[in-house]
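Consider the two complexes below, in which chain A is the common component and chain B and chain C are the respective partners.
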Partner chain A sequence: MPRLEAAAVCMLFVITLVAFAAPWLAPADPVVKIGEPYQPPSLSYLFGTDEIGRDMLARMIYGVRLTWLPSLVIIAAGVVIGTIVGGLGALAGGVIDLLLTRLTELFIVIPSTMIALAAVAAIGPGIWHTVATMSVFWWPWYARIVRSEVKVVASRPHAEAARLSGVSGPRLVIRYLLPAALPSVLVTATLDVANVILVLSLFSFLGLGAPAPTPELGAMTARSLASLTTHWWIPILPAVAIFILVVTANLAGDGLRALMKAV
Partner chain B sequence: MGVGKAAAVLVAMGLLAQAQAAPAEKVLRVAYDDDVATFDPDDAIILFGLDASRVLYEGLVQYRPGTTEIAPWLAQSWSISPDGLTYRFTLRDGVTFHDGRPMTAADVLGYFRRRSTPSLPLSYFLDGVADMSAPDPHTFVITLKAPQPAFLDRLASPWAPKIIGPGALVDHAGGDLGVGWLGEHADGTGPYKLDEFARGQRYVLVRNPSYWGPQPYFDKIQILIVPSSNQQMLMLERGELDIIEHGYPFDQLAKLPPGLKVDAHDALGLEMAYFNPTKALRDPKVRKAVLTAINPAGWLNDVFGAYATPARSAYPKAMITGPAPVAFPTDLAAARRAIAAAGPVAIEIGCADQEGPVQQRIAEFMVSQLKQIGVTATVRTIPIDQDSSLVNDLARAPDIFIAQNYPDAAHPATQTGVFFETGAALNYFGYSNPKIDAMSAAAGQITSIPERNQAYLAISDLLFADEAFIPLADVKDVIVYRAGLVDLNTRPALPWAVDYATIRRE
Partner chain C sequence: MLDIGDLSVTLHRGGRPNLVLDRVGLVIGRGEIVAMLGESGSGKSTLALAVMGLLAPESQPIVSGAIAIDGESLVGASPDRWRRMRRERLGVVFQDPIGSLNPTLRIGDQLSEAITDGSSAASWLERVGISEPLSRVRAYPHQLSGGQCQRVMIAMAIAKRPGLIIADEPTTALDVVVQAQILALIRRLAREEGIAVLFVTHDLAVASVLADRVAVMHAGRLVEEGAADKLAARPAHPYTAALLGARFGLTVDRTQQLPTLVTSADSAGAASAGCAFAARCKLATDHCRTVRPPTERAPHGGVVACFRTAESGPALWASASAHWPAAQDSGREILVELAKVEKTYAFARRLLAGKARPARAMAVRALAGVDLRIYRGESLAVVGGSGSGKSTLLRVVAGLLLPDAGDVIRPPENPAQVIFQDARGSLTPWLTIGEQIGERLRPLRLTQSERRAKVEAALEQVGLDPRLGEARAGDLSGGQCQRAALARAIVVPPSLLLCDEAVSALDMTLAAAMLNLIGSLRRRLGMALMFVTHDLAAARVVADRIVVMANGEIVEMGDVETIVAAPAHPATQALLDAMPDRLAQAVA
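Take a look at the complex of A and B:
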């Protein structure tokens, strides 16, 4: 794996660690005023304070947690649902495969982000509403990949051999077929994290994420745009954090893909 | 050179000279954050567009600039019968509508009849009217069912009846009292006519040459819809706008770019917190603890700087100046103990979106202060068209609603009648206290202003004691404009507006 991509994979682990350890790492409570508003970055406040006087570093650490962990949940939900739908279609074949394939195509062609936005707006903003709604729309590509991989693997000699030796049903799927689809799914998921982060940020930017003053990176940027020319660090730092998350996830995905190819 | 060519050159030179001699058009460029619902004075309570509406249409009376005194407008004088029931208005001579028709008392009567049609949202201004008549072309008479000392204030309100001409009400009445036509046109008596109506983009008013009063300075008022305050600020700096009448961030007023000036004047905008008594704030001890935490002393200066002062009563100080700022409990340790004893307390603060960033900021300061006494709070923005329906579902309504509200007029009866009385239109959480209703009915009949004010201050004390309405801050109306503009003639009762009829360049 190239060095840059390897560093990105390590970075992802660090980010995940920071996300889980936010309550212990953050230097202050992210919703409590700890100083005068609009203090620029300094030794006292490394990332400055925001328009309320809250510590920006604490809010960024919590912001990473509230952006990164929901992204992982959405990806995981997409992988699980996609695997079930794709795997079932590939194995069952016939009408069931046709129906599941058409359903998958339907979910691919509809403007899922717009529908998810409308759904969250209807049921009410909230981070878990966003996660649940996005999970509903995030599985079709995984279903396609799993179906295609399972179909290919099912006709390979080792799967034939397993069948001839009496292995069938769930055991055949779990032991012999799905593992073959795993590398492609994993690479896609890693590359997909960046997309999820951007869509989540869009939701929170539009006020459809967690309620204020929850420190979500997209919402922090959106709410402080008016300060862009006067107190740059308040909208810019969360935006930079989103950028770093997205680039890191992309590079890590590239790294994994390279690794899988090499293997 | 042939004769034809020479003639052409001469004509061109003539045209050039004419163009050079013509004075440059004087245009005032303003921007609104939000679109104008309609300029029809009877069809909606608008905030953006009030300034334009009052130079298209005029009422019988108005507030004198900078004050809450009633002054003549289309009525040059008026008298009130000793029993307080009959108002006789003598109409101004020489007034014409924008289509050139002269205004008569019959037109005024026809318009007032339209205004009192119950299907129009602002018909409630005339709820107490028993009869109206036009005994001669210059006299218009209104008879009330019962005395209303606030009646002239209601007629001077920014949302008061303003006379629409028969060109709209008869010629374009349609089946909807002209509402459809007036949604995109205007036919008033004001110093400007509506020249261009591009919904959501731009409105242009042009000077009315046959106006009965002094001609305004500007030939045109160009109103742009620019939702981003950042963009408005940049446009003002670049000279593409002349005025920002609302929404200039308070925290940037201290370092205005050169060439810009601030007009900050007392207004009727009172920052209030409304408590929903059906959820977490049902417990009086929790209520008192929350009251301690949201004390404006903790955030007022950070949010408004020099442009607000602690509220003195449930009435804006431009209406009644209370004797001292409202006294909030200050014992934070006791508040912490009360919350600890009550168990985990989580509340939701709703904030009005009409002053979006400011309300959001106040709410987030409150969240910070509440966290320090152990209360977890979140913030939800309530769209302006949903705030009046909070009362319909108190279980899903926020625990606290904060808003900067504007009463209909400068008389305290309009504040009490809209917010505090049982069943009032903006009594957000359905507060009802028969004693307040009785006190309000009595205060509404007092004509002596000092006595009246004392009666309303007693109502304010009781409202605060009930912990239902929490006055937070008297907020000034702030207008930022390019240096050189004078005679803005703002009025406390007219939110977010300068007087387009008088403003001029030095």
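Take a look at the complex of A and C:
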């Protein structure tokens, strides 16, 4: 694996670690005023304070937690549901395949973000409500990828040879068919991180995701855009954090792909 | 026309340098046809790519020595100069004709780009023997067969009237009947136009009927070179003699195994200080292993690089064959029975149809009422050209394909095992060889160590190092992949072993070894064999009974010697005429 990609994979671990350990790492409570508002970054407040006087560093650390973990959950849910739907369709064929393909296409054409917004509004705002609702809509592309990859590999000689060897059922699927879809799914997932983070911040911006005082990175940038010219660190620092998350995820995806090729 | 001197090429694979060509020298005169002969991995294709300036940049090629085409020196030339050279003075014909044509352009338009003298594309199609040239200029590549595409490629290569054509295994992907036609075409047109040809091939028979001179490559070095007829009659290098000995035609003694002359190419080392062939050579001395033999004049008038030339020769290898193991007697019990089996492939009119069939064909009858019995322990060859339905028949017998009509009765125990033509593709790339062989042992409920022992025993039976059980398909050579697939098939011996063109993609030396292996294993393990091939010589070696197919029907069936000696059906005759033994007549 090239050095840059290897670094990105390590970075991803660090980010995930930070996300889990936020309560212990943060220097202050992220939602409580700890000093004067609009303090620029200094030795006492490394990332400065925001418009109310809350510590930006603490808010950023919690922000990583509240942005990164939900993104992981949504993508994981998308991969799992997509793999089940796509894999089932490819293997069953016939009417089941047709129905599942149409279902997938239905979920692709409906304005899923709008419906998700309505659904979250109905069941009440909250980050985990958003995560649950988005997971319901996030799988169709994965289903498509898995279905086409499994269909191709199932007709290849090595899958036929496996069947002639007496391999069937779940063992055939898990050991011989699904691994063929892994590289494409992984690449799609890493590129997807950016999308998920953007949609999540949209929810927060509209007040449906993390409610107002909660430090979610997208919401922090969105709410403080007005102070960009006067107090740059309040919108810019969370934006930079999002940028780093997305780039790291993409590079790590490249690294994992190279690693799988080498095996 | 082409002057290569002391050419060395180092390519990088996975960051490691690899000396692929080691001080190769070759001269081709104007209008001369030279065949470059070697097995896979010998560096012959790298040589062709180097002469075309098409070495892949990602392999970080390091080239030293001299390449001159028509007096113009090209080592270290800029990409622009190479491009101009290829456009103006080099014709190229690749192995994969369909992939080499642009699928989005009509062949007439592609051909017109190459024509320099104002003649029409249709007239060129007519010259390369494509019927209905006036309507075919409007066809797209996918509407032509593989053989027709190769004819178009040849027309494109010759139409710009280059001084030199480089043909890299142009007939390997074609069936034998088409191969003979294409060879005849290349020879006739090159003669008519006075064009020099560098023809890369692994097939000695092809090389000797087509070329004026043959150059033999082994492990990146040129080991022998000489006039085609003399070299084939009296090879001076043990390696050439080995290739000659491994060639099996329709007259080879089938009562014993084919002569196996050399160990596998995997043991050859390009970087060795002495002769690179020493590790495989039965004549090698310590001197051979430490000192590189110089290139000297050979008895046949060409050159050879060997210290033991005097002892070499076909006679040395004739005695190398072994007897077949005793077969188990299994009576005349019917193992598989097919009655009036039919299979039709229907095609929707796809925008980009598959290879080799016209876009309007809506249905192809691959099996048109086939009756066949396979007896326990017998050895049956199913022979036919491409599109004859022989592979469909194999898939039906294997149970991989359900017939549209008719009955198939298969044995209830141990299902048949299949050896596919694409051996590498028949191994799952992300699992180890041992894991895949082990799948067949799962129903036996063995312990870990018992299973491991069985896997290793199977690998040893097919002549592979048992440690290769830990390897994956990507780590193995083509020949090793074929053996690994065979090990998986026989770890629990099936009652029926099905081989789908199992040796067609292999070099002659590897093919002979594989046929010996299949023939021995089926006798020792009491398996019935159904061997599907277009190669009557291979069929004759492994099979006692032959079935000839054409257009989805069995057109001839009987004892192998009877059919080879007196073919009754024109389809059989066509296959026989295309055999290397008779290729010379076909090409002349």
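Everything below uses one rule, namely that the second predicted complex is superposed on the first by the 237 of 263 C-alpha atoms of A that agree within 3 Å, B and C clash if a C-alpha of one lies under 4 Å from a C-alpha of the other, contacts with A are read in each partner's own complex, and residues count from 1 in each chain.
Keep this in mind: contacts are C-beta pairs under 8 Å (C-beta built on N, C-alpha and C of every residue); 3 or more make two chains touch, one makes a residue touch a chain.
Everything numeric in this text was worked out from a predicted model, so none of it was measured.
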item: Fit or clash between chain C and chain B when superposed on chain A; value: fit
item: Touched partner set for A:Pro179, first chain B, second chain C, both or neither; value: second
item: Contacts of A:Val31 with chain B and chain C, given as first, second, both or neither; value: first
item: Touched partner set for A:Gly94, first chain B, second chain C, both or neither; value: neither
item: Contacts of A:Ser165 with chain B and chain C, given as first, second, both or neither; value: second
item: Which of chain B and chain C A:Gly207 touches, first, second, both or neither; value: first
item: Geometry of the superposed three-chain model: angle at chain A (Cα centres of chain B and chain C, steps of 10 degrees); value: 150
item: In the superposition, chain B vs chain C on chain A residues touched; value: B
item: Nearest-approach distance, in Å, of chain C Cα atoms to those of chain B in the combined model; value: 50
item: Residues of chain B touching chain A in the complex; value: 229-230, 249, 251-252, 255, 302, 348, 357, 360-361, 363-365, 367-369, 371-372, 378-381
item: Complex contacts: residues of chain A adjacent to chain C; value: 156-167, 175-176, 179, 263
item: Footprint of chain B on chain A - complex, ascending; value: 29, 31-33, 37-38, 51-54, 125, 207, 211-214, 223, 225-226, 228-230
item: Chain A-facing residues of chain C, complex; value: 398, 400, 415-418, 420, 422, 425-431, 436, 439-440, 442-443, 472, 485, 488
